[in-house]
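As structure tokens, here come the structures.
One chain, subunit A, appears in both complexes that follow, with subunit B as partner in the first and subunit C in the second.
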Partner chain A sequence: MDFTIAGILMLDGVTNGAIYALLGLAIVLVFAITRVIFIPQGEFVAYGALTLAMLQIGVVPGTVWLLLVLALLAALLDALKALRRRITASRVGIGAIKTLAWPALVMLLSLWAAPRQLPLIAQSLLTLAIVTPLGPLVYRLAYEKLADASVLVLLIVSVGVHFALTGLGLVFFGAEGFRNPSFWDARFAAGALSVSGQTLIIFIVSVALMLSLFLFFEHTLRGKALRATAVNRLGARLMGISTSGAGRLSFGLAAFIGALSGLLIGPTTTMFYDTGFLIGLKGFVAAIFGGLASYPAAAVGALFVGLLESFGSFWASAFKEVIVFTVIIPVLLWRSFQHGQVDEEE
Partner chain B sequence: MTRTRFLLAFAIVLAALPQLPVPEFWITQANYIGLYALVVIGLVLLTGVAGLTSFGQAAFVGLGAYTAAYLAVTHGVSPWITVWVGLVITGVAAMLLGWVTLRMSGHYLPLATIAWGLSLYYLLGNIDALGKYDGLLGVPPIRFFAIELNTGRSFFYLLWALVVLASIAVTHLLDSRTGRALRAVRGGSTMAEAMGVDTFRVKVTAFVLAALLASVSGWLFAHFQRTVNPSPFGLKMGIEYLFMAVLGGVGHVWGAVVGAGMVKILVFGIVLVAVLQYARDGLWAFVESRLPRRERAVDWADAPALPERERPPHGEVVLDVQAVRKQFGGLVAVNDVSFQVCAGEILGLIGPNGAGKSTTFNLVTGVTAATRGEVRFRGERISGLPSREIARRGVSRTFQHVKMIAGMTVLENVALGAHLRGRHGVAAAMLQLDRGEERRLLREAERQLRRIGMAAHLHELAGNLALGSQRLMEIARALCADPSLLLLDEPAAGLRHQEKRALADVLRQLRGEGLSILLVEHDMDLVMGLTDRVVVMEFGTKLIEGTPEQVQASPAVRAAYLGTEH
Partner chain C sequence: MPAFRPLLAAIAALIASAAQADINIGISLPLTGPASGLGIPMKNYIALWPQSIAGEKLNVIVLDDATDPTNGVKNAKRFVSEDKVDIIMGSAATPVAIAMADVAAESGTVQLAFSPAQLPAGRDYWTFRLPQSNAVMAHAMVEHMKSHGVKSVGFLGYTDAYGEGWLKDFSAVADKAGIKVIAAERFARSDTSVTAQALKLATANPDAMLIVASGSGAAMPEKAVVERGYKGKIYQTHAAATRDLMRIGGKDVEGTYVVSGPAVIAEQLPDSHPSKKLAIDFVQKYEKAYGAGSRNQFAGHAYDTVIVLEKVLPVALKKAKPGTKEFRAALRDAIENMGRTVFSHGVMNWTKEDHWGFTNETGVMLKVVNADWKVE
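Showing the complex of A and B:
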């Protein structure tokens, strides 16, 4: 291996690492706030990339209908709950409209926009508008009733949700793979290395997103409320913070980050309906570096996973996945010696 | 219909099934259900009982299957040998994996097993000697003496005999000393450790056992399919095994069979989520609530008593706490506190809330490590030892917040206290070789319950007791360990007046037998009437030590409890 190859591999690894870092952050965020180990994080990546791919070929993506159906279900469940509590019809109606307004708007927009071949950036924004609200709805339907269950029950639910979303992905997008066009076709030469515009965009967007998350958590009241929920759910509730609201918000952020990651890597890899799962799991390996609790450690872990993957595929391409997923075991060992035995009361 | 008859009927239907003119399709389905059930029985033990979740069971099945297939195809080794080789390989892999992940909190194991399941899948699919993704073809059938098990119907008997044997063995295991320890680790390790259970070892044991059952299933799978390839051992299948366990009812051995049957016929992620939301204990729990509940038959009335520890001579210093200090960051919770407890003495430890009484308790019992100072028990230094080692030396305790296994009967909960007085393990329990010892342990548990006045509640579920009774049960459990020193953390909280008097009588009687008691309690009548000496703490510091009369007369104690006039 000479310096050029090492450079190429480094660049490749860091680029993928940036994506894993975003996913790792979303996973840590969701776990800290809701104690949900969010296995389906990767599904949002696939949904993001493939929704854009559908818009590219001028088809209304199935995710639009999923959004509408989930919103209808949520509105129905809310209405049933309200009836049991004898809440007035007008308030039930307002609640239903609040739940349904955005999905309906997005549906109309998609119906109008799909055949028109809008510019890539407009289609990307529409994709984010479709996929992001799926997050809170998934939380509302699958997790909210079980908010006080043990981490393990929530984890098993996550696996169920993962299966459901992957299965639906197959229905919406088919078994065929798609590769999206690049956002920026420029190429820059830096010595022997050549950096594509898309790579630069991945870096810029990742860093910008991390920075804005940091600002959100440090300097806004909602961000602080989320952090309070992560520290102590009961305490937060006593201070008037809605924990289910916090849960929905965190799932919304996770879906947004997932969809954005999908848009970013769509041009660099071919996406299938089930590709998201493996990508999401690499985010998990990264998050475990930080014990599912530390954002900076997750980001560092993500870079490590990215580099390991790119160098692993150079030396032993068939065993690339084996290497990446086996590394979790020494990491766990290292963490267990660092922190000793942790007792978890049920 | 009694439970035994229900199981008998099940066995008869199983035995008759292949003889009836059932289409081959259903025999094959039944064989798959059996193969899956074997794995899921392991998961019941691991997830339902010990509370540990694994998505990697399919990988263990794969290890068993590939070992059998590789040795049979390339070296012509007999299946009756390969099964043992597979068990050894799987056991070692599970032990390594468990050793790494089980020291950490609950959710690391599932994540690690997901990674492990994926790795093994890609590994199997890329090794040339194992035929890459095509796998190995032409695995010979198993020969049982002269019979070649090469049809679905003949294979059926071997398979289901193993499933039934495994179910029975696991049921036996759950009803034993090790089984109680397994059930105790589910709710956190503090209580189990205080009863002398090595929780880490128990968890590894459960993990290895589950893996071994999976390995046997893999061995059968290879010889049933007559070919292996990586796809049935991937993560997806690992997840499905867990689904089967959850759907059938993860806490029940027979739920494994129900779950395996259900999933073979239908599987949807959505169904699973719905089951978890509306029937969290699974389908078997639904069936079981309709079966008559069996009260445990008392077969231990004539069992010989367990050997008892020699009591220290009256007046010997049993517990010697020397200037222990505990700091949490800048906060000094216990500030260089010293006191002694002698044999045949009740020492009261009192003080306002937040005085550091419970922390002192935890320092003595090894739950938290002291920053400085040392604790000696009968002359031996015990500070720094783990809880279970301190328990082994004869220190037993109760908890301020009751810690018990709500789903077990009172008798079984109390028998957990005698964990260190038995020695039989997993294999003995499965083969029922431990019955003599079990009877002695249960007899001891009953004796302690009677002594504390709870004879009427032996077979009730612990979770159904009132708080006061639960506290009494904890005392019986602590006594079951045959301690020299008993630490009681607010034993009278929640008791009625009569019950308090009865408790005081029992404690006096124990003192008369030479037991030493350290008592933390807020009921001053009880403390002053019962104790020989009292230590008063305030803000982590020892305020005064003396007889109840001296303490009651002390102006400093009054100030601590009631404040001073300015």
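Showing the complex of A and C:
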């Protein structure tokens, strides 16, 4: 191994690590606020990449209909709840319109845009507009009623949601993989290293997203409300913060980050409907580094996972996944020795 | 009691229909999961199967195994114990088919595997494979390499049974031809990057690179190898012989050599190729139902299955009644003694020693030229 090879491997590792970092952050975010271990995080990556791929070939992606159906279900549940509490019909109607307005708008926009072959950037924005609202709806339908259940119950629900979303992905996008066109085709040579424009975009967007998350949590009221919920749910509720609102917001952020990661990674690899799971799982390993609580540690962990994967592939490609996932064990040991027994349930 | 009459009649009818003994076929296919790209086109063609063969009604049960060996075994057990099938088929995913073979052998039921399932010697007594063995395909590939002066090969393949099977069979055939495999690297279909493996192989700089992957998963490793500045010849296996290779690979896969069964390139086959007529018939039937360009290697295996059934069912029916142990044994013997039979996928000749069966004239080398196949 000489310097060039090491350089190429590092670059490859850090590029993948940046994506894992985004997903790791989303997983930490969701866990901190809702105590949900969000296994389906990776599915949003696949949904993002493949929704864009569908728009590329001029087809209305199935995720649009999923969005509409989920919104209808949510509106229906809200209406039932309202009926039981004898709330007036006009208020029920307003609630339903609020839930359904955005999905309906997105649907009309997709129907209009799909055959038109809009520029890549417009299609990407549309993709984000389709996939991001799936997050809050998934929370509303699958988790909200169970918000106070144990971490284990929420984990089991997550597994179910993961399988449901993967299966739906197969229905929507088919079994074959897609590769999206690059956002920026340029190549830059730095010595023997060659950096593609897409790699740069991945770095820039990842850093920008992390910065804006930081600003959001430190300097906005909503961000502070989310942090308060993470620290103490009951306390936050006593202060007038809606915990279910916080849950929806955190899932919305997670879906947004997932879809964005999908857009970023789509041009560098072939995405299948089920590729997201493994990517999300590596994000999860990264989140474990941060003890599912620390954002910077998760980001560092993600870079480590990316590098480990890259160098592992070079030295022993047959054992790559074994190497990456075995790393969880020493990390867990280290964390539990460091913190001793913590009982989160009570 | 007149009220009981209709009931009695219904029961009688039930008994009669059971005694009439349809031929039960249990098929396990990966309709979801990583290999669903192989299973779905097969299911599509199975929907076009004839209702009856040799005067007996075919009762076809298709179950999804989700590309999971555990599910495959579950399905096979259900076929044997509940559905009392006369013949088990599947799966199109190699690891699943291997797991199912044990159930077939225990129950004494023929298994027609839709994947190149490697089984230890003697364990495939009840198993026959419909796809070409890797060795038959490697034969065509090595011949091509020999005539193009290739001396060393780098291997980049899936870390599963398909990849390992190819490495083993290809090395054996290549060794005899004086071609050495100088580096072997693995990757998984869901990997987001194979840069590291490609880098290592490109550093070894072999005359040719063999990429073992399937469907749309085959383009990504090839792109990575090209990206690392590799300039030699690149070979792909028959699982990559779909248009997804060009759809995803674009200009990076130009000039790639792909070994293929004859079915998918029906029109381009030379008139002298024995499979030409059947291959064209298959392509027309399939594309009439599922649209132009939808042809697929695995749908071709479903087509060939009908050829097998049409040939062996009459023979076995003479010896025993469907649904019995004797019938299943007779079926097995009939398949083993079927003799030289032309498929849409080549020429099949199962024998006692060889349950793979395809002869060496089967594999065809293709080259990607202007995003289309060209027979070499």
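Going forward, the second predicted complex is superposed on the first by the 343 of 346 C-alpha atoms of A that agree within 3 Å, B and C clash if a C-alpha of one lies under 4 Å from a C-alpha of the other, contacts with A are read in each partner's own complex, and residues count from 1 in each chain.
To be clear about the criterion, contacts are C-beta pairs under 8 Å (C-beta built on N, C-alpha and C of every residue); 3 or more make two chains touch, one makes a residue touch a chain.
Only a predicted model underlies this, so the values are computations on that prediction, with no experimental measurement involved.
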Which of subunit B and subunit C A:19 touches, first, second, both or neither: second
First (subunit B), second (subunit C), both or neither touched by A:272: second
Partner chain(s) touched by A:335 [first = subunit B, second = subunit C, both, neither]: first
Contacts of A:285 with subunit B and subunit C, given as first, second, both or neither: first
Touched partner set for A:167, first subunit B, second subunit C, both or neither: both
Partner chain in contact with A:318 - subunit B first, subunit C second, else both or neither: both
Subunit B versus subunit C, judged by how many residues of subunit A each one touches: B
Doubly contacted residues of subunit A, that is, touched by subunit B and again by subunit C: 167, 278, 318, 321
Contact set on subunit A toward subunit B in their complex: 37, 39, 142, 145-146, 149-153, 155-157, 159-164, 167, 278, 281, 284-285, 288, 292, 318-319, 321-322, 325-326, 328-329, 332-333, 335-336, 339-346
Subunit C-facing residues of subunit A, complex: 5, 8-9, 12, 15-16, 19, 167, 170, 175-179, 265, 268-270, 272, 274-275, 277-279, 309-314, 317-318, 320-321
Sites on subunit B touched by subunit A in the complex: 47, 51, 53, 55, 97, 100-101, 103-108, 110-112, 114-116, 118-119, 122-123, 126, 186-190, 200, 239, 242-243, 246, 268-270, 272-273, 276-277, 280
Residues of subunit C defined as touching subunit A within the complex: 32-34, 36-37, 40, 159, 185-197, 199-200, 203, 215-217, 219-220, 244, 248
